[in-house]
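Consider the two complexes below, in which chain A is the common component and chain B and chain C are the respective partners.
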Partner chain A sequence: MKSFLKLVNFELNRFFKLYFILMGLTIVSQIVGAFIVAIVYMNDAERIIYERQISSSQYIEEYGVFSFFNYFNSGWFLMPIIFCIALLILYVFFIWYRDWLGKNTFIYRLLMLPANRVNIYFAKLTTIMMLVFGLVGLQLLMLPVEVKIIKSLVSEDFQTSFSFNEIHHLPILSWLYPVRFTEFVMMYGIGLILVAVIFTAILFERSYRLKGIFFAIVYGILSFCVFMVPLLLNSFYTNYFYPNELLVLQLVATIIVLGSAIWIANHLLKHKIRV
Partner chain B sequence: MGKYWKIILFSAVIISSVGGYYIQQTMAASTNDVSFTIETTSGNKEEVNNLVFGAIYQSSDIFREIYFSKDGTTGWVMNSLIEDFLNSKGPYVLRQITKEHRNFMRGKELHPNQYFEDESRLIYTTVLNDSKEMRKGESVVFQIDILDKNQNDSASFKINTPNQTSSAWLNVEDVYVKNGKIKLLTTHFFENGAEELHIYTIDENKREFETDSIISKSGSKGRSINDIRLFNDFSTFQNEKYYLYADHDIPQYGNVENEINIGNIYLYNNSSNEAEEWEIPADLKPNSELMILHGEAIFIPVFSANGIELHRYNIEKKKWEEPLSFNYQSKFNEEELPFLKLSDERLYLVNPVSDGNALFIGDLRTGELLYEGKITRENSDHLETDYSLIIQQLYSTN
Partner chain C sequence: MIEVKNVKKKYGKKQVLSGLSFTADKGEITCLIGINGVGKTTIMKAIMALIPINSGEILIDGEKIRKESFEKVTFIPDSLAMLPKMRIRDAIEFMADFYKNWNPKRAEELMQFFKLDTTDRIADLSKGNMAKVNLLLGLALDVDYLLMDEPFSGIDIFSREQIAEVFTSHLIEDRGVIITTHEINDIEHLIDKAVLIDNGAVIKEFRVEEVREQEGKSVIDIMREVYLG
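Showing the complex of A and B:
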């Protein structure tokens, strides 16, 4: 356990500078965006009211009130999220390859540690998930601040009511924060399985090199097929399985895919990995 | 432990923010739940005892599909993936049947048109041809599944019909079962836009095909498509004594909405197996799109600001009877007509009013108003003031 914690701490340290930059970028972009979107809306509203000599209520009737969707669909809000997602996807690969391709072949030291080698796999997996959840948590802390900024800048007459409890109705946020906690676990569980399968595929490549790329692709396709079996069954035999039966089938498929990813990774790290 | 501060910080931020958010969500769920209540204004309260309304609730950007009765509201949040996945699909009546006959209903299509039910049996029919698409000359193959409700025993058989022309696909519209015969009303759609209405008769005991009668044909007519419109309500599983259908002209160009025309109207008698043309009086022709066949009568509703006038034609007596009038105040709008359903010799009407929806139940035999009530939203304090409730279906759980 101690070596696992050490490894996680070590992996986090390695990414921390870049991670702080990502967090900073997200905070700055979204806060600045909240100011800009609200100010631009109010300036436009005031300009139109002045130019057309109409009342606020007439303006609202014709142009509508400020919708928080304007902000949540703006590049200021969405771009940093997309950027973070893209960078973390890249880091899923980089977290392994940097150990081989870095200045010092760090993988030597990792593999020589007097602990179970599969700890390296789990530590990297835990690190990726912590980085993801860290950004998910940061975004949750940011949302009320952003809503407050907008509410303070847009006159009350021009606002729609917005409840923090309804963020799961917003386009990208419905994926980040599914409506129920069970769905949150399921959604990020699928993400975890995907990362685990990619990690194992990387280990195939690192174990068998050129041939390993072929093994990795075959393994990836097989894992995908097993994961999709319940859904494929449902599309071939429409309505044959009831929803709760499909859920159990999906759970079994998930356990098989995740279990085999860990088992294969353990085997490769113990017996096949090449430095 | 100090050297693990990053892990501790990460974990603390994640648990407090994500955990806090979902605790708040759970607490808010009860106050944000949408529920509707039926308040009686006048009449017999028992009239609403067995009613279940299927509706779409919309408020700002939130859409919910809900069912409500006098006992409460059930529904699910449309953004919820797991609830969408886990909730039984199909109309309410079929969900109930699925609960009762789970094994029999496995793998069945969830269209009420394909079912027949009486005290002892539940019959399901489907077309077995690949994706219901026909190839020229291919035989239509039906599968009939029969559940003996008393014995809890089921049987299944296939029926091969004679060669067909090249219809592109077909739908089962209704199942009629009487005196050992199963009759299937089907619409055949052709690639050129033409349609045919068939009645297939199957001998239930011998499990043999008997006849295939074409009771109506339509085709392209110059600049319009001519389809066949059925006016029966096939949402129940009982026998329809008559079928009411008409040629229906839909222009291909121009303003479609204003130019749809009901052409010749036909009435098919399931007892005598005969179809005859039926005339609609000229003054009611503008309302012919709204015609409803219910039991042994044809009803034509005429809506106005003062209420509804229900013109009725008695098929058995072959004569028009005194129209029924149900008066209520409404913001009459041709584009948004009230929800109207005729069922169990009752008229059910839901009309939007400023503070909710008014519900009227009338007796189709006497024209008497049996019940008047209001459908209102409960616990509105936490919810958006603007909302709409679009009633889509009404089920009786008798």
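Showing the complex of A and C:
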């Protein structure tokens, strides 16, 4: 356990510089974006009102009030999120391959630690999840700040009330922040399993190299199929299962997929891995 | 004792180890000799379970390798297995963090002996200093067995002398050392046992002292006989 925590700490430290840059980029882009979107809207409104000599209420009638979706659908807001997601997806692979790359092959050191090698797997998995939650948390903290900035810049006449429930109408935010707790667990549970399966697939490749790519693909497809069995059963036998039964089936499928990913990873790291 | 018994290993279609066997005792320096590509590094990796073997058995004090074994045997590969961005003190801290048997006193002693600066970044070290740090990270562990892969290759003469000096010091005594080399000259006078390898198998295993006394031959003489017929 102690070596697991030390490894997590170590893995987090290795990514921290880049992580801070990611966070900084997100904060800067979204805050600057909030200012720009609000200011541009107000400038446009004022210009049109001036040019056409209409009243604010006439303007609102014709053009509508300021919608927060102007901001949430803007590149300022979305691009950093997409960039963070893309980088974390890349890092799911790089977190392993970086240990094999370069002159100083750190994988030697990791595999020679006096601890269960599967700890390396768990530590990297935990690291990825912590990095994800860190960014998701940051975004959650940023939202009220951004809304406040916009509200302070757009004059009250042009505003609609904004409630945070509305963020669920946005495509990206609705799956980053599912409304119900069970949905949240499912969403991030699926994410965790996906990363675990990819990690095991990477270990297949690292153990058997070229042949391993083939094993990894077969393993990935099998895992996907097992995971989908309850859903497929439900579509073949419509209304045959009670929702509770389906939930139990899905839970069993999940345990099989996650359990086998860990078991295989442990076996590969212990007996098959190559430096 | 480290026992390597009839170990076979294939990389693809290439048979790298074809039934290789030898033993290495505690308190002795065993040298694996052979030209490049005969499987010297492979056997070291196999002992440390860094690669799987196809058949055969490797025992350390009668046991197969397990996680606890890494407090008993350590491997010093031919390049330093630490992150380049680390400073020497970070690398030392890493070792102290993970290994129960890290000996800080000995690490300090080695730092002074090799005249290394703890604040130096690994990426900026010269090849000679890199080899010294590599050696330090292995030697400062209170392990019974040390495996060293070509510790002298590609480094300057003074660094070589310094490293050779380590072998005759208390830093090594009582431990079992397996060392690989394709240049025997530097360490001929240091080694207790020579294991000549060719095509993935042992072709001759002998005690250096005995051969010198009884037959008046050096390791190189024996190598000539064996490799050149």
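Here, the second predicted complex is superposed on the first by the 273 of 275 C-alpha atoms of A that agree within 3 Å, B and C clash if a C-alpha of one lies under 4 Å from a C-alpha of the other, contacts with A are read in each partner's own complex, and residues count from 1 in each chain.
Operating definition for what follows: a residue touches a chain if its C-beta (ideal position, glycine included) is under 8 Å from a C-beta of that chain, and two chains touch if they have at least 3 such contacts.
Just so we're clear, the structure is a prediction, and the values are computed from it rather than from any experiment.
Asks: Evaluate whether chain B and chain C can sit on chain A together after superposition, giving fit or clash.
Replies: Partners fit side by side after overlay.
Asks: Counting touched residues of chain A, say whether chain B or chain C comes out ahead.
Replies: Greater contact footprint in residues on chain A: B.
Asks: Just chain B (first), just chain C (second), both, or neither: which does A:K103 touch?
Replies: The answer is second: A:K103 touches chain C but not chain B.
Asks: First (chain B), second (chain C), both or neither: which does A:F133 touch?
Replies: first
Asks: First (chain B), second (chain C), both or neither: which does A:K151 touch?
Replies: neither
Asks: Look at A:A115 in the shared chain and tell me whether it touches chain B only, chain C only, both, or neither; answer first, second, both or neither.
Replies: Only chain C; A:A115 stays clear of chain B.
Asks: For A:H267, select first, second, both or neither according to whether it touches chain B, chain C, the two together, or no partner.
Replies: neither
Asks: Rounded to whole Å, what minimum CA distance do you find between chain B and chain C in the overlaid structures?
Replies: 11
Asks: Touching chain B and also chain C: which chain A residues?
Replies: none
Asks: In their complex, what parts of chain B are in touch with chain A?
Replies: Contacts found on chain B: 3-4, 6-7, 10-11, 13-14, 16-18, 20-22, 24-26, 28, 32, 60-62, 77, 79-83, 85-89, 102, 106-110, 384.
Asks: In the complex, go through chain C and note every residue touching chain A.
Replies: Touch list, chain C to chain A: 45, 48-52, 67-71, 74-75, 77, 79-84, 94, 97-100, 122.
Asks: Which residues, counting only chain A, touch chain B once they are in their complex?
Replies: Spelled out, the residues of chain A in touch with chain B are 5, 8-9, 12-13, 16, 69, 130, 133-134, 136-138, 140-141, 160-161, 163-166, 168-169, 174, 177-184, 186-187, 237-240, 242-244, 246-247.
Asks: What residues on chain A touch chain C, complex-wise?
Replies: Spelled out, the residues of chain A in touch with chain C are 3, 6, 10, 14, 102-109, 111-117, 207, 270-275.
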